[in-house]
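Next come two complexes, and both contain chain A; in the first it sits with chain B, in the second with chain C.
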Partner chain A sequence: MKTAAKPWIWLVPLGVLLLVVFGYPIVEIVRLSFTDSTMVSGEPYSYTGSAYRSVVTGPDFADTLRVTSAFVVFSVVFQLLLGLLIALLVDNAKRRGLRGAMITRTVVLTAWAIPGVVIGVLWQLLYQESTSGILNYLGSLLGFSGDSAFLSDPGNALVSVTIANVWRGTAFSMILMYAGLQTVQRDLLEAARLDGASPFQAFRAVTLPALLPLIAIDLVTITVETFNSFDMIMALTQGGPGTSTQVLALKVYDQIFTQLGLGRGAAMSIVLLLINAVMIAIYFRYHKRREVNP
Partner chain B sequence: MTAGGSALGRRKLFTLAAAGALAGLAGCGTGSLPPRTFRWLAIPTESVQSPTKARAEYAQRVLSGYQRTSGWRVVPQITVTDIDQAMAKLLLQASQHRAPEVAAVDSYLFPRFARYANDLSKPMAEAGVRLGDWFPQFHPVMASTGQPRSLMFETDVRVLFCRKDLVDRPPASWDELLHAGRKAAAHGKQVLFAGARSEDSVDAVLWPFYWSQGGQLLTADGKPGFAHGKGRQAMVDALAFIRELITEEAAPQRVATIQSNDDINPDVVADRVSMFIGGSWQASQLQELVTDGDFAKDWTIGPIPSRSGQDHTCMAGGWTWASFAEDPEVAQESIRLLLDGYVADEGMARWCTVSGNLPPRSPVYRNSAYHGDAFTELYREHLARYARMRPLRKEYQQVSQAMQIALSSVTSLSAEPEAAVDAALAQIV
Partner chain C sequence: MTGRRWQNAGLYLAMVVTVVVFAFPVLWVLSLSLRTSREIVATPPPLLPASPQWGNYTHVLETTGIGGYLLNSVIVVAGSVFGCLLLCVPAAYALSRLRFRGRATFSRGVLAAQLISPLVLVIPMYRLFVTLGLLNNYLGLILVYVAVTAPFQTWFLRNYFDSIPVELDEAALVDGCTRGRALRSVVLPAARPGIASAGIVVAVLSWSQFVVPFVLLDDSSMYPISVGVVNLQNQGGEITTQYLAAGSIIAVVPVVLVFVALQRYIVGALTAGSLKG
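Entry: the complex of A and B
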């Protein structure tokens, strides 16, 4: 009875933990974003809004946002579509009792389980710009030049990095979509078929509405994850050539660790945090509306 | 079990948890070293876990020999492989007085560490090591505050490596490099250099091309030396020449993806290169990697070509040891390990023989324990005549970062040299 009257006692440890590992760092990063601090404790710093001013007015940050937006939009769209497509194929194969559905699922999942740095190195080997590169070698066998500029041409580099990221992230979407497909009522699909609905019509009227909540979760998760992409790009291009593949997380790292500009780096990380917070807020709003109007 | 017993149990549990948490936090701290013990921080490639067997064995031998004779215990620590991140972390630790007692510091960054490091005048004098023995360009690194506070224990230079059968003599000027490069490219052998967005790229190519025209990277008040006037023109011209090497097909556009000098090695082994701008350490690597021929006999070296064919320059890098120990006895003992193993004549001679790097102290070249490679005498001459350090001011990092992007934009042919310099200047806050 006593404990039921004071439930907050049981929440204190979690609250303290969250404050220490989550609340304090956020407060500190917000504070640092309003300074011209470097990484060094002893060096004097002052409170200023110059970091935000230079982020807003400087051409470099706008360029980084452009690159990040293109990278995120194309990555998310293709991860979602390919994930859905593979999930439909695997689900269909399973229902028809075809062999290999389990193996296909496992193989696709492997890409998701590989660390980003390793994926960066793997794709670097694929994209290498001489006949030593795997894709260029295969291309030369098919009659192409064998020296395609996958990473040295700025336009191609962003496409190449996005493709590697789609390869990496599709598995997560596939698993979510596959889980969603298991919740679709088979008798509804059967009824639609008996009513003369084509496979596409059945998908649109029965499968898609059942998948919508999972699509929303997937959309938010992969968008946030793609905005935070760092390790794979660091290993693959380090943001180059020029700034053509420099995404927001890489820019923050560069500001803080390479240029030791903690204040400006903190301001940029606040922008990244806000973007992620907006994405999550949109999801919660959607979720709440569905609870009201299921 | 009674209610009281249960409450006691919870209290005990809380006490245990709190004690555990405190013990954990204490373990994370740095003040819990046993007596007569100190930490020794090295970069991965030079640590006891170096992937190069000879280097790992040397470090192990130095540590165990020291521990045996001194009775002190050394705790080896290793930085992360990302050197920028490792140095940023070490700088933070040093400024909070919790850095390892002795640590390797990238030489061009040392002036930022200097105020936290110990004065080494006394241990150097006791070991008979004089600041004047180091090549003069290293003095500002080691003694930026007036007293020596770091011990530079290895260095390197960037040079132009040339295939003797394809290039008559190493080209001295930009025109000669372009001409010889185009001639060799007609036979399928190209000029390579690191042209991606990396510190290696600007160090090996852009800075020497710029410096040799009389340019300075930073003015006396820390502003970019290429913001206007002759400096700007020199930087634009340096980038324009790099672009010309690519557009004239002496060098391939894929130099835009070459991050480090070492990335050129596979192409040399695959016989696709006529000339390359690389580091002095690469000759010993390539001597082992090239199985179809003798690298030392088939290749020669020259200074990095300059616009005029004279006034050559190149970048010299290297690593220093610094002492951050707060206890004077620990400071004295820990620095003795470094002096014996890496800095005094015998130690530096043995270490540089094993590592393939160059001794930064001139007397070591005469030491019988030092064995360089076929080009060592030339490297030494380059060190004495052409080598420069990067600016030691903190503004350098921002300038370097901006120019790495500019160089990479030019090598990927996505920006004209003038626009690349303008973009770099706009980025420097």
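Entry: the complex of A and C
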């Protein structure tokens, strides 16, 4: 197609907004991370690398990273696995003409539409720590004590938060995997079956390779989403008890808006930004083909 | 065929388990929202209230600011959908149809923006808004919502425009239309389902948005529903479980209704970009 005379007119409004809302804060947060500034307005500050030194040497940040990585790894693995399993289930049921396949898909997907803070409140109510709490009651029917401290015991809290997050995020992986399954060539599966392959062998040889590009994109997306998690945990535990569920984003928020340590919080947020950057780089690799051949 | 029947039975069972796991949390909270205080603390917890206390809802609507929070959300969501489409549609059209220097760079910049944590953005934005007096200002807030949702929608709409035959625009251009007219009168009508999808996804995401209003608003009468729910929750002893449950249900009903009614648009929008990538 011929080159347009004025392509930029179409792009300038979006471009300007993105520069202001993304470009400015990124430059500013990098600058602030090299200062000893606080949130107390008007207080003078100076440029220094002390924020980074304090983050690296302080005991708190290592703890945050430990909590965050456990939260991210388990969330991502289970969201992907459960999403794939449910997608296979719905796809299989639909191909067999079983009723309820689409209802199942809709019910799972509804979790995606519920605001994160509300999911936090829902799970807080499910995890109620008396014998009138529903999960405790169901647990007691299965022979557990019936008064498990799901959220107030620092040892349990991270597991409870991760389960709620898996519940929340599975829908997105499911719908990506389900879309991917629609692209699998049925005649290849049929041929594998005729050759005597077991369902598992057919899955490994035909279905999985077809899904791999989507799995890659899904992994990047849900990893970023999980690293950026804020709203659900804010409503569920506020990062507590203590700091046992204080993931990176909550730590940054706490450091800046509660401790008022702007420089130190900015330095921590650079870690979050770097994680985002690594994920962007990986994402670009999978989008490359599209760039070359749009 | 008995093997197949056993397999079908297994699939049904798996579907029932899945539906229960995903529907139960919401249904349980719905049940909690209709209880008396006595039923809330009863052991074992009854599955359903003896008689539904619809009065809990009127109580929450009358004594908390939740009605106002809902209205605030509607305003902010409507503004965000409008603003997002206003900026994304032309940009996506240009990225799909025009060839120019810097096109790949612009696309990549947009893609990168999609993966940046909104929390990192709102820290400097908060300071900027304080300086400019934009704190507690819906226009400023909506612009941030638009920026956060626009990158994904620009990609989605660009892919959508790619799927519309170029011959459509070319015929219009040959007939003497400008680019702008070709977009308005020929391409936009053909792209209506895609634009609807983008708008609906922006609406759902904006309804859920939390960190942006949480940081950029401090006047509680301006809170959208997401921040309002946390505000309710933090009232601690003043708000008992059944009222908090009712508040949560009020916060999800609009978005869940929209979602169930329009999910075919949403599913397409969530997956299309990734499938083509």
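Heads up, the rule we're going with is that the second predicted complex is superposed on the first by the 264 of 294 C-alpha atoms of A that agree within 3 Å, B and C clash if a C-alpha of one lies under 4 Å from a C-alpha of the other, contacts with A are read in each partner's own complex, and residues count from 1 in each chain.
What we mean here is this: a residue touches a chain if its C-beta (ideal position, glycine included) is under 8 Å from a C-beta of that chain, and two chains touch if they have at least 3 such contacts.
Keep in mind the model is a prediction, meaning the values are calculated, not measured.
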* Check the residue A:Phe257 against both partner chains and state whether it touches chain B (first), chain C (second), both, or neither. => both
Next item on the list: Figure out whether A:Ser130 sits in contact with chain B (first) or chain C (second), or with both, or with neither.
Entry: both
Between chain B (first) and chain C (second), which, if any, makes contact with A:Thr68: first, second, both or neither? neither
A:Asn276 in the overlay: touching chain B, chain C, both, or neither? Say first, second, both or neither. second
Across chain A, the partner (chain B or chain C) reaching more residues is C
Which partner does A:Gln79 reach: the first (chain B), the second (chain C), both, or neither? neither
| task | Could you tell me if A:Pro241 is touching chain B, chain C, both of them or neither one (first, second, both, neither)? | result | first
Inquiry  = Quick check for you: in the superposed arrangement, does A:Leu17 touch first (chain B), second (chain C), both or neither?
reply    = second
Both partners, chain B and chain C, contact chain A at residues 41, 130, 132, 256-257
Within the complex, chain B is touched by chain A residues 38-43, 54, 58-60, 129-130, 132, 147, 149, 151-154, 157, 237-244, 254, 256-261, 264
So, in the complex, the side of chain B touching chain A is made of residues 82, 84-85, 88, 91-92, 95-96, 112, 115-116, 196-198, 252-257, 259, 266-267, 270, 272, 394, 397-398, 401, 405-406, 408-409, 411-415, 423, 426-427, 429
Within their complex, chain C touches chain A through residues 8, 11-12, 14-15, 18-19, 21-23, 25-26, 28-29, 32, 40-45, 86-88, 90-91, 93-95, 97-100, 103-104, 106-113, 115-125, 127-128, 130, 143-144, 146-148, 150-151, 154, 162, 166, 179, 204, 207-208, 210-211, 214-215, 225-227, 229-230, 233, 241, 244-245, 248, 251-252, 255-256, 258-260, 263, 266-267, 270-271, 274-277
Seen from chain A, its contact residues with chain C in the complex are 1-4, 7-8, 10-11, 13-15, 17-18, 20-22, 24-26, 28-29, 32, 41, 86, 89-90, 92-93, 96, 98, 100-101, 103-104, 106-118, 121-126, 128, 130-134, 137, 167, 172, 175-176, 178-180, 183, 213-214, 217-218, 220-221, 224, 227-228, 230-231, 234-235, 249, 252-253, 256-257, 262, 265-266, 269, 272-273, 276, 279-280, 283-284, 286-287, 289-291, 294
